[in-house]
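The letters A, B, C and D name the chains in turn, as written, and every chain counts its residues from 1.
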Amino acid sequence: MRTEVRKLKKVKLRSPVLVEGLPGMALVGRLAVGYLVEALRAEKFAELYSPHFPYYVIVDDEGRIRLPRGEFYYWRNPDKGPDLILLIGDSQAQTNEGQYEVATCVLEFAREHGVKTVITVGGYRTDSGGSRVVCASTNRKLLVKAVEAGAVISPPGSPIVGIAGLLLGLTNFMDMDALCLLGETKGHLPDPRAAKNVLKVLSKLLGIEVDFRGLDESIRKADRIEELLSEVEVGELLTGEAREGKRTGPRYGYIV
Amino acid sequence: MRTEVRKLKKVKLRSPVLVEGLPGMALVGRLAVGYLVEALRAEKFAELYSPHFPYYVIVDDEGRIRLPRGEFYYWRNPDKGPDLILLIGDSQAQTNEGQYEVATCVLEFAREHGVKTVITVGGYRTDSGGSRVVCASTNRKLLVKAVEAGAVISPPGSPIVGIAGLLLGLTNFMDMDALCLLGETKGHLPDPRAAKNVLKVLSKLLGIEVDFRGLDESIRKADRIEELLSEVEVGELLTGEAREGKRTGPRYGYIV
Amino acid sequence: MRTEVRKLKKVKLRSPVLVEGLPGMALVGRLAVGYLVEALRAEKFAELYSPHFPYYVIVDDEGRIRLPRGEFYYWRNPDKGPDLILLIGDSQAQTNEGQYEVATCVLEFAREHGVKTVITVGGYRTDSGGSRVVCASTNRKLLVKAVEAGAVISPPGSPIVGIAGLLLGLTNFMDMDALCLLGETKGHLPDPRAAKNVLKVLSKLLGIEVDFRGLDESIRKADRIEELLSEVEVGELLTGEAREGKRTGPRYGYIV
Amino acid sequence: MRTEVRKLKKVKLRSPVLVEGLPGMALVGRLAVGYLVEALRAEKFAELYSPHFPYYVIVDDEGRIRLPRGEFYYWRNPDKGPDLILLIGDSQAQTNEGQYEVATCVLEFAREHGVKTVITVGGYRTDSGGSRVVCASTNRKLLVKAVEAGAVISPPGSPIVGIAGLLLGLTNFMDMDALCLLGETKGHLPDPRAAKNVLKVLSKLLGIEVDFRGLDESIRKADRIEELLSEVEVGELLTGEAREGKRTGPRYGYIV
């Protein structure tokens, strides 16, 4: 088995923008783009499989099984703005070469559908959290647009790790522009508030109206978990484990 | 050397079911399917070799040497039920890509022999052990059959790691159905009792009569080891190592 | 994506010498060759990309993004000496095979441009630092030249790790000669003084005049940091971590 | 660069036996076969290179540089016994697949030269050392011969790790027989005494007369180091590091 996209449906789109939200830091991208899929009632039209995804399968609510995968959804813009291709999934690739291979495969699929702009969504870790959306781009104009929509430019030198970064880097070879939107987060728990912050910038940038109230219940839940954990962590800090995020990392990092 | 099946004998089978039991969690699958091979007097007809198996060789009782490998056995059903292909072996692949490659190779071999149904057998770790058999499937009908034979449906979200899971996930691309039967186990020692529990469900599901009394001596031995260890572990718990299973994991995990 | 050189400009050079300075021990090579690029106003004419570089992208001063890469610069010698190809970049390959692949790709590019001599630059770790430049070569004559230029011959048996070493080893198959110049360094911080020491030998060897005063400010800064750290480290030595360089290694090792 | 043998000289041999002694446990194989190369004045006729060897180069006594490699030597038997191909080198492959690839490459080279018998030499770790030579084989007759020459048959179930094992396992597919001779050793230091023990069995088995006195000086040195270390280790045992061989492993494991 190779890294490959399996098409479920033939779709022709109008100057579509690819928005990527695979699981990463605090699941910000996964939560944001996953919410978009639901809010826009986007339709799945392809799946990406790879031997670089982890070697397990996932059991769904009815005891059915499937491989970890990426899922491509499309949404036809009823107004004159661009159509969307939304990418969410279960995992990122597990090795260096795997990351390059999956990112290349995603971009080739995007190019086939006429994508000229790629937007990746993720989390930006800061010790104190924060509510800003940090952006970086391969293209000055796109960067300015993101700033106008409310983002702040990333400080230089900071690496953007994983597919959210690689997709941008690789567009340089593919006649596409790309933008990265990263929501500030403390990073040790799934962070729907950071996801909402990113979605505000993203929807403004794309000229799409989305009702974000559906995320508020998730935000309240996350706040309660955070509160509970802050009590527990006093004890854990004695062993230093909590700082390194060993507990939450793997549990939330792969399966959604 | 590539991952490949070496055929020892040409065999034509009647709508065979593949039952996989490579070493994994508490060796449940290896013990169960290995017992089946003996009880049914199944005959070996092929071996699987791979550079993704660990780089050592195994010395047998007479000082002879061989590579780690998978072994395919066949059994002709004297009644009207399906024939069986039984897969046991020394090890699983050691890397992510290796796991995908070996699982794909197994399924291609199965397809050549007309297999339409794959059943994988393994252990399901719970802190308190238990005697249930957990199932998951790519196919609703197969799942119902497993439940009728005494299994309970797996809770959603729990990943099934290794070849027992991957074989199921990959059948989605191969016009086969697949079922996974996992015996509950504490998971830190080879667990013949869990193997017996799985075999009860499996034999009922397949409509095959197997005498399980041969496993009872192994179960008694395992109980004695468990007892002895439970005394030792009081001391070890002070260092925390026993919980993580560092001691027993690698020793039993690879060679059988 | 494969490991590949992307040419920005077609350039014909006169018996050019390749000088490699990718990031490694104490960044000595990166600092030395990077300084040479600036001091000689060398011009970039090609970039090397590889899926073996780490899977992140780098944000520059203006929020723009790019993949980690190697950069080839050329410099035309106004005198009768050889032209230069200078290689600097963000990272070395992350795996064993990746290191071989990137090094081979560099040498093939060099060969295309008629390179017959390769010089790699790096750091040589000693507990007490030191100001010597250690050399080793695939060719006796080149070694003698380096010694005449002020270097001392490397003690036998010591391995030269990474691309600075591999490039030399691989030239044996490519009708090229190669020399390695390693500046002594304590190795736990970027070391511009070691870089200056190497440059003195290198410039003498190549018969090029370079003004090294531009490095003196960096040296003063590094000295101040060293001083500050020496106070802090008294405490850290109690845990033994400082000795192993765990703290500074990754921080400085990859991004420049 | 691929794993490949580079031939230095065309050689035709009379039913040669391949004897492998790459560095491994306590360097027993490397010391034994290296001694044989010198004692028999065998001549080098080929080298094996691989991107699976570690990514560094080695500096020789005169400041010259080369990649890690395997070296094939041949020796023409003046009597009616078999000629020999002796394999020594700097390192084993660093990954699972690399181990399989290098071992396969060695056997293909051997087959080209008409090799029908492969003997691998290494160390066999026991807590108390010992002076026995443990053997295992793919062939009953060869095993009996080794026992007649003084070896004892390996206990079943014990894995033989690395190329000394893989070469045996892989001959099963290549119309060759293979034998493994492992000298008992405590395993935490290079062990010339174990090497001598193996050589006694090997020379008897091959019907070759070799003067082993040249190893006695090395044995005396090793004994002195052992003595010194036994005093030091009392202190180190407090941290438990000495047991795991962290200190000596890497230093002796790769470069000889």
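Heads up, the rule we're going with is that a contact is a pair of C-beta atoms (placed from the backbone, for glycine too) under 8 Å apart; a residue touches a chain by one contact, two chains touch by 3 or more.
These numbers come from a predicted model, not from an experiment.
Enquirer: Going by the average position of its CA atoms, which chain sits the greatest distance from subunit B?
Expert: The most distant chain relative to subunit B turns out to be C.
Enquirer: After a C-alpha superposition of subunit A on subunit D, what does the rotation angle come to, in degrees rounded to the nearest 5?
Expert: 180
Enquirer: Same residues or different residues where subunit B meets subunit D? The copies count as same if more than half of the interface numbers are shared.
Expert: Subunit B and subunit D contact each other through largely non-matching residue numbers.
Enquirer: Let me have the rounded angstrom distance from the C-alpha centre of subunit A over to the C-alpha centre of subunit D, please.
Expert: 51
Enquirer: Report, in whole Å, the distance between the mean C-alpha point of subunit A and the mean C-alpha point of subunit B.
Expert: Roughly 36 Å separates the two chain centres.
Enquirer: Counting only residues that touch at least two other chains, what does the list for subunit D look like?
Expert: None at all.
Enquirer: How do the chains pair up in terms of touching? List each pair.
Expert: By the stated definition, chains touch in these pairs: A-B, A-C, B-D, C-D.
Enquirer: Could you list, by residue number, the parts of subunit C that touch subunit D in their complex?
Expert: 96-97, 99-101, 104, 135-140, 143, 153-162, 165-166, 168-170, 172-173, 178, 180
Enquirer: In their complex, what parts of subunit C are in touch with subunit A?
Expert: Residues 1, 6, 51-67, 94-95, 98, 255.
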